[in-house]
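Below: one structure in structure tokens.
Going in written order, the chains are labelled A, B, C, D and E, and every chain counts its residues from 1.
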Amino acid sequence: MGQITLSNVKKSFGNIDVLHGINLDINDGELVVFVGPSGCGKSTLLRAIAGLEKITSGEIAIDGKPVNDVTAADRGLAMVFQSYALYPHMSVRQNLAFGLENSKMPKAEIDERITEAARMLEIEPYLARRPGQLSGGQRQRVAIGRAIVRRPVAFLLDEPLSNLDAELRVSTRAELAALHARLSSTMIYVTHDQVEAMTLADRIVVLRAGKIEQVGTPLELYNTPANRFVAGFIGAPHMNFLEGTVSSVQSGNLVVALADGYQLAIPARETSLEQGARITLGIRPQHVTLGSGDKSIQAKIKLVEALGSETVLHTEVAGQKFLVVIPGQHDLASGTDIDLSLSSAPIHLFDKDGHRI
Amino acid sequence: MGQITLSNVKKSFGNIDVLHGINLDINDGELVVFVGPSGCGKSTLLRAIAGLEKITSGEIAIDGKPVNDVTAADRGLAMVFQSYALYPHMSVRQNLAFGLENSKMPKAEIDERITEAARMLEIEPYLARRPGQLSGGQRQRVAIGRAIVRRPVAFLLDEPLSNLDAELRVSTRAELAALHARLSSTMIYVTHDQVEAMTLADRIVVLRAGKIEQVGTPLELYNTPANRFVAGFIGAPHMNFLEGTVSSVQSGNLVVALADGYQLAIPARETSLEQGARITLGIRPQHVTLGSGDKSIQAKIKLVEALGSETVLHTEVAGQKFLVVIPGQHDLASGTDIDLSLSSAPIHLFDKDGHRI
Amino acid sequence: MTAPLETASKPSAVQHLGAIALAPVRLVMGLIDRPLRALQRMTGLSGMAIFFLAPNMLIFGIFVLLPLFINFVYSTTGGSALFLPERSYVGADQYQRLFDCSNYLDPLTCQEDAFWTAVSNTFWFVVLQVTLMIGAALVTALILNRNLAARSFWRAVFFFPVLLSPVVVGLIWRWILQRQGLLNFILYPFGVDPYTWLTDRTWSFAAAVGVSLWAHMGFYALILLAGLQAIPKDLYEAADMDGTKPARVFWRITLPLLMPNLVVVIVLALIRSVQVFDEVYILTGGGPGTSTLFITQYIYETGFVSQPRNPGLAAAASILMGLVLVVLTLVQLGLGRRGEKKGKR
Amino acid sequence: MGRAAAFILRRRGGKGWHWTDIVTWVWLIGGLFIMFGPALWLMFSSFKTPAALAEFPPSILPYTSQQVSVEGHDKPLTLYDVTLPDGTTKKLAEVRRIGLFSQMVDPAKPDETIRVNINSRKPVQELSFATENYTGPFVHFDFFRYLWNSVFVTVMATLITLIVNSMAAFALSKYEFRGRSVAMLIILATLMVPLSVIMVPLYSIISALGLFNNLWGVILPTVATPTGVFILRQYMLTIPDELIDAARMDKASEWQIYWRIVLPLTAPALAVLAIFSVVWRWNDFLWPLIVLSRKELYTLQVGLSIYSGELNVQWHFILAMTVVTMIPVVLVFIFLQRFITTGIAGTGLK
Amino acid sequence: GDVRIMWYSDGVEGEVLADLMKRFMDQNPDIKVTIDNVAFGVIKEQLPVQLEAGHGPDIARVTALKDLSRHWLDLRPLISDAAYWDANFGAQADWMRPDGSNQISGFMTQVTLTGGFANKTLFEQAGVPLPGPDATWDDWAAASKKVADSQQIPFAMALDRSGHRITAPNIAFGANYIGADGKPAPLDKGAKDFITKFVGWTNDGVMSKDVWVSAAGQTYRAAADDFINAQLAYYYSGSWQIPNFATKIGNGFDWVATGSPCGPAACTGMPGGAGLVAVKYTKNPKDVAKVMDYLASEAVVKEFSERTLFIPAHKGILDKGDLNFKTEDPQVKAALDVFVKASKTTAPAAQKMPGWRWADTVYGALVTRVAQVIAGELPLDDAFTRIDSDVATKVKDSGL
């Protein structure tokens, strides 16, 4: 009831190849989040699973049965469209009821489900309105509501919360999580929001240009990204990358020379790195602290962004951009030089092809 | 050149009142961010300024001249629509060029501007496509591009980055900021993203149900929210509120009794609080630390969300929900009791009407 | 947030009536749904496409295609009998006769001089009428689409002539344009001498064009009006924000997005102007001389009026006319196809 | 008043007259005269007597000569404005006309006859509506029966047209299937066939099906109009496919998509087609004339046609009945045209 | 049983017939007669289609009598007194039966005769005397021209745009369309003479050009409205205009029927008219015969004619001359009398035309081409050859 298997799914629009062979197993009841840069094929993949887009080759199976030739209506999934696609001629209530009426549900139950969904999404006051009379966020909530009243075996959610305010987003996210827990239905969730991805996902699938880069639990991806792309993509602000060359390899220790001569000693795992190899160091902005010390580098502040609870410093280290996030509010002027300590920072190493070492 | 004044602007759709008298002065070259819950009237206000929505009463003036009767085309503003509103029959390039051709700009300059905007928004590969052949995020970028190539006296941006991935969002935001700095054009920016609001805004306008709640610089709003609503709305995750009553007022110190008998001593400014007054304490989740100490309370962990760089604890304090954000990853199980220290936390006080004390 | 309960779209009396009238329809539609779902499972989407197309095609096949085919058979027979079994097969004789000309540019050198006169008259008529028709219908639709006071009244004004039967249309205008007609009566005070508009070759041709424009313009304007409504409002808002002049909005936004509906209008206007008959027949009868004799009148006279009738020749002429129209329409659609694609969101 | 004027003369955007406003009003006023004027004149003419109809120069309003009853004459006499030889004018009644002279009396002094040259008299005209043009036909023919037949034909044909055509248009606009272009082509190709051309074959088919002298014989051949399919299909092309996708995700069957999503969103085009269909079927004349040869089955238009004889056409009746038969279609138009302005298809999308 | 009559009306004759049939049904309760009133167009264009398909009414009022004659029912064995029919309607019986048979198909509800009308008032005002009964076409042309010039009216004379109408003067000028084999002969001198003269008149403005150029092909156009509005001094049309003039002219001016002007060969009009015929596909031939018998009976024919102001075909009635037309207008009575009288002097060549199969073919070609000449599209000589070739083609087309 809700297990989805993609085998070598490819999709082209004319001569534009969008999906290049996707292989993925989604377990029943699992909540999988698709992330990836804009235009990488997330929506297309979702639409292919829904049955709205004919795939060019490969196979999609639901609960082991291939569904390539099953129409969208018969696959039994529900979807929240990135563009909402609300029925403009129906009131919000009718929009929500439509799917239920199609499965010949008794009127009373329809009403009950609508009431519940409307309460949950805070759209009760608008039930009688047409989509054209709603704000962007309200429309988006109706689109979510239309999917959840259905209680299908699997949900496909395409950036469902992108137009909601922070507070509503948190509460709706929590409601979705609760719903997922309650119905134990499979969910495929596309989002650009790091927090959503990290908190909701059982597994995150990182897509890039129509290919899967890595699949794993949120912390797996955060702590051990398979490559430079994933490392940069997971975590906000993104990981800092410093280019360097291996200047010496000692047992358990690696010395890396950065662009302008800085030398950085890094505790290295068993490694096959040669001296002189080009290498990239990855350091998350949150793991850098102010102050000089053991492993410290000098940086020049370019820009200071105060977010209230934390401050983001855009600095330059050895001629390369380097972000630092420090908690609290700080009175730092741009243009000043500061010392950054990396002593408590886990350092990720990537070879010249971007693979994790 | 871009100073916008709103005096008592009201707007109703039929008998639905959406804006209830908005007064606001936006200075030339200022970047003002509108935030507020979904459906509070941000888009409507933006559309009213743009001249797309006739206001019911009040006056809108640009550079001191009332523009109530000036058509949108003649107000000389540019807008990014929440719904994009791209011309479906034109290629991306034509979409971008359309506004420029209107002002009879030489072809060479049009090309130059398009090239620049396309580079900035990373949409060069799609210039020849129609909007229907783009992903959601790509469309949104085209919508932004269409506004920025115009270089108008004022930009109106309605959630312009909502469908972009984190990385792109950061870079586009930076580009917008640079653009703003370079053109020194006024910008009104609607967003639900805290980071965007905090980093971009000269001033933030907090709207709620068609009324302005507070106007101020980002840190003003963060540090001294005028009321409970603003306090809860600015900052993510939102501020914790603990309900309590004043149990004693000593000079310079206030003792507040929480629901289940906890007593909390707070350094108070000159205050006119009576003993027994109902009061709300506001504490930001980031300001709470683990461990017992001077001002500490006990909490029970309900849920742990690991975001990688930080961990969000959903706890219960004195029977009320209480969020805690602690940096790093922690192995805490839900259900356990922990001690929270408030010693370093600025505590906000709100009276029973929600006003800041 | 305190949005009051919805009052904006309180159902009007008409909507109530509509709802009551729709209830049985709902029921029926609901009842058919179940078998159709089964059908859909069995046949898939393309099967459903056939299902939706079938009733139309069936009726169409019986009442349009079949007669058309029979008509073709007619064109290969001779004699004056009306029903096929009594007619003799003559092969391509009728076509040969139509094409029997020593100089195609001079109709009088043809065996069927009337046919060629009609062809050339029809050609000029079509060129003139279709261009004017599309222009006028477009302007009317655009104007009626504006936020006018008493919109329905204005719509009725422009649509009114469509309600009149061709006979009445022809008649009114004959009364207006004849020597002692209303027009001369109105113009007289302005120092215009009474003129016999309908016996002047140029004027009567212009009158034929004008009257058929008058009679059918509302029809096309209405199609375009519906098409204009289908253009999303936010695009106009975007264009407004882009500081677009009305003329440019028209050329760059309205026109391309109206294309699918404009194609309807162009194709229909073309076809119907080639088939022009009734009102012009009443108005000018094809005169003066043969200056407003059009193909359909030729076909009608050959097939039904002249003694003895020649249905075979009439059928051949109609088949030729149809062929020309098919070609023209294909060209139109070829041009329109680009527009259609463009209009898609 | 000022506000009313401001409302009526509402213009584009704000202040001042934009050129489009001027074009609009020129077009509207011109339209009022050119489009509506003749029709209005037709309406007035329908109240004219046959003599007044044939009169040159035509009058705009229906006038007749005024009659007076004069003592000593059984019948009312026609009143004239007479210019007497001494240059004065007088209102006199004509007793009889003999050649170039007419004998007239002053209604006040009925005994005295005056001889007047016929060129110096002019009838006194008064506005008078020849209502017998309207009442006459009700006596001559079975008006309500014809009306019922017309209504039946129009309603049935329109309903079937709308359903059958919209189904076909749906298939042709929203599905990809083999033979789609061929079907479209066939439909378009047959647009070219004027009815008069296929009349005889069609007649054979109708007789073969036993539909001769049957209202269904009038209805069926008209309902698969290619025009309708074409109009609807082109309009449906503008409905975003994404809405159909959404409905499919909502487990809607294709039939439901057709009638719950596509049909309502096609309302403007359906209204247009409904108006056309009603007008066409109501005014249909040639084809019903062939199929219906019994007067119990006549539609109004066929009934009306009996006033066209071989050598004489009784225009006064035809005009009056044209006006009467137009009333229902005008009402239908006024009712349906409101649906034309409800284009909302795009608003459900982001 | 049921009897259906398909009937068209130019005036009140439909109501009169309905009246008569009501009376008939009162006397014959077993027969139900239904009158299907139709437009003349239906009779002309649709009835043939129906008849060829074997449908059609039981009785129809038709003008294309000869052309459709193979569909008519032979009433001879069914009617009560064939001799009465032969005696009174025999003169026109040939117009409506297949060539070479002695079938009785029906009878003429009305005979018409072409003839002229003069606007007496205009003549008086111009001081021009009306030409006498033996006046020629040239006399009328000259007189009318004088009237037109003095009274400032646009045209002196008009002749309906119709092959049938122009055939009357053609025959008066000695034309004979019928060849030795019964098929159309090429145009002879008589026809060419008048046509030449006619075209000359239209060019000189004596004859109204408008009515002839205002249509193409064989379309019928009448100039009656011009006459009614006193825009013509002399109008050549036919007896059927009388009721029309009566209502529309009223006492606007005095008008008189003049009979047909003379030509070198004869002074003749063209006969014509509509016949009531029985259709052989009827299911109740007996009842049909009863209805026909009733309608053809002397009293009924007399009443019908008197009320409709039609000239009857019934020889007995005409011979008795006691027709009392129901009108108060003395001009109408006078005019009808003129036509009744003229009907007795119709030239034999003219008498033959209604019963001649190819008459309409020749008429059609004449109208089409002469109109083109008048419109200046075709030289006269070309028109003559075209007329001949048009007719020849048609004859060939028909496959006979």
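As a convention for this text, a residue touches a chain if its C-beta (ideal position, glycine included) is under 8 Å from a C-beta of that chain, and two chains touch if they have at least 3 such contacts.
None of the values given here were measured: they were computed from a predicted structure.
Common neighbours of subunit B and subunit E (chains touching each): C, D.
Ranking all chains by how far their C-alpha centres lie from the centre of subunit A, first place goes to E. Taking the mean of each chain's C-alpha atoms as its centre, the chain lying closest to the overall protein C-alpha centroid is C. The leading chain pair by number of C-beta pairs in contact is C-D. Each chain gets a centre from the mean of its Cα atoms; for subunit B and subunit D, those two points are 60 Å apart. Chain geometry summary: the mean Cα position of subunit A and that of subunit E are 94 Å apart. The distance from the centre of subunit A to the centre of subunit D, with each centre set as the mean of the Cα atoms, comes to 64 Å. Distance between subunit C and subunit E, defined via averaged C-alpha coordinates, is recorded as 39 Å. Residues of subunit B in contact with at least two other chains: 13, 37, 39, 71, 73-74, 82-83, 136.
Contact of a single residue of subunit D with at least two other chains is seen at positions 12, 56, 200, 204, 240, 242, 253-254, 256, 345-347, 349-350. Annotation for subunit E: residues 44, 49, 53, 229, 231 touch two or more other chains.
Applying the touch criterion to all chain pairs gives A-B, A-C, A-D, B-C, B-D, C-D, C-E, D-E.
Across the interface of their complex, subunit C is touched by residues 13-16, 37, 39-40, 47, 50-52, 71-74, 76-79, 81, 83, 85-90, 98-99, 102-103, 130-132, 146, 150, 208-209 of subunit B. By the touch criterion given at the top, residues 1, 3-6, 8-9, 40-41, 44-45 of subunit C touch subunit A in their complex.
Residue ranges of subunit A in contact with subunit C, taken from their complex: 69, 71, 73-74, 91, 125-130, 133. Listing the residues of subunit C that touch subunit E in their complex gives 78-83, 86, 88, 108, 111, 114, 179-180, 196, 198-199, 281, 284-293, 297-298, 301, 304-308, 310, 313. By the touch criterion given at the top, residues 13, 35-39, 42-44, 82-83, 133-138, 141, 158-159, 162-170, 192-195, 198-199, 218-219, 222-223, 232-238, 284, 286-287, 305-310, 312, 325, 327, 329 of subunit B touch subunit A in their complex.
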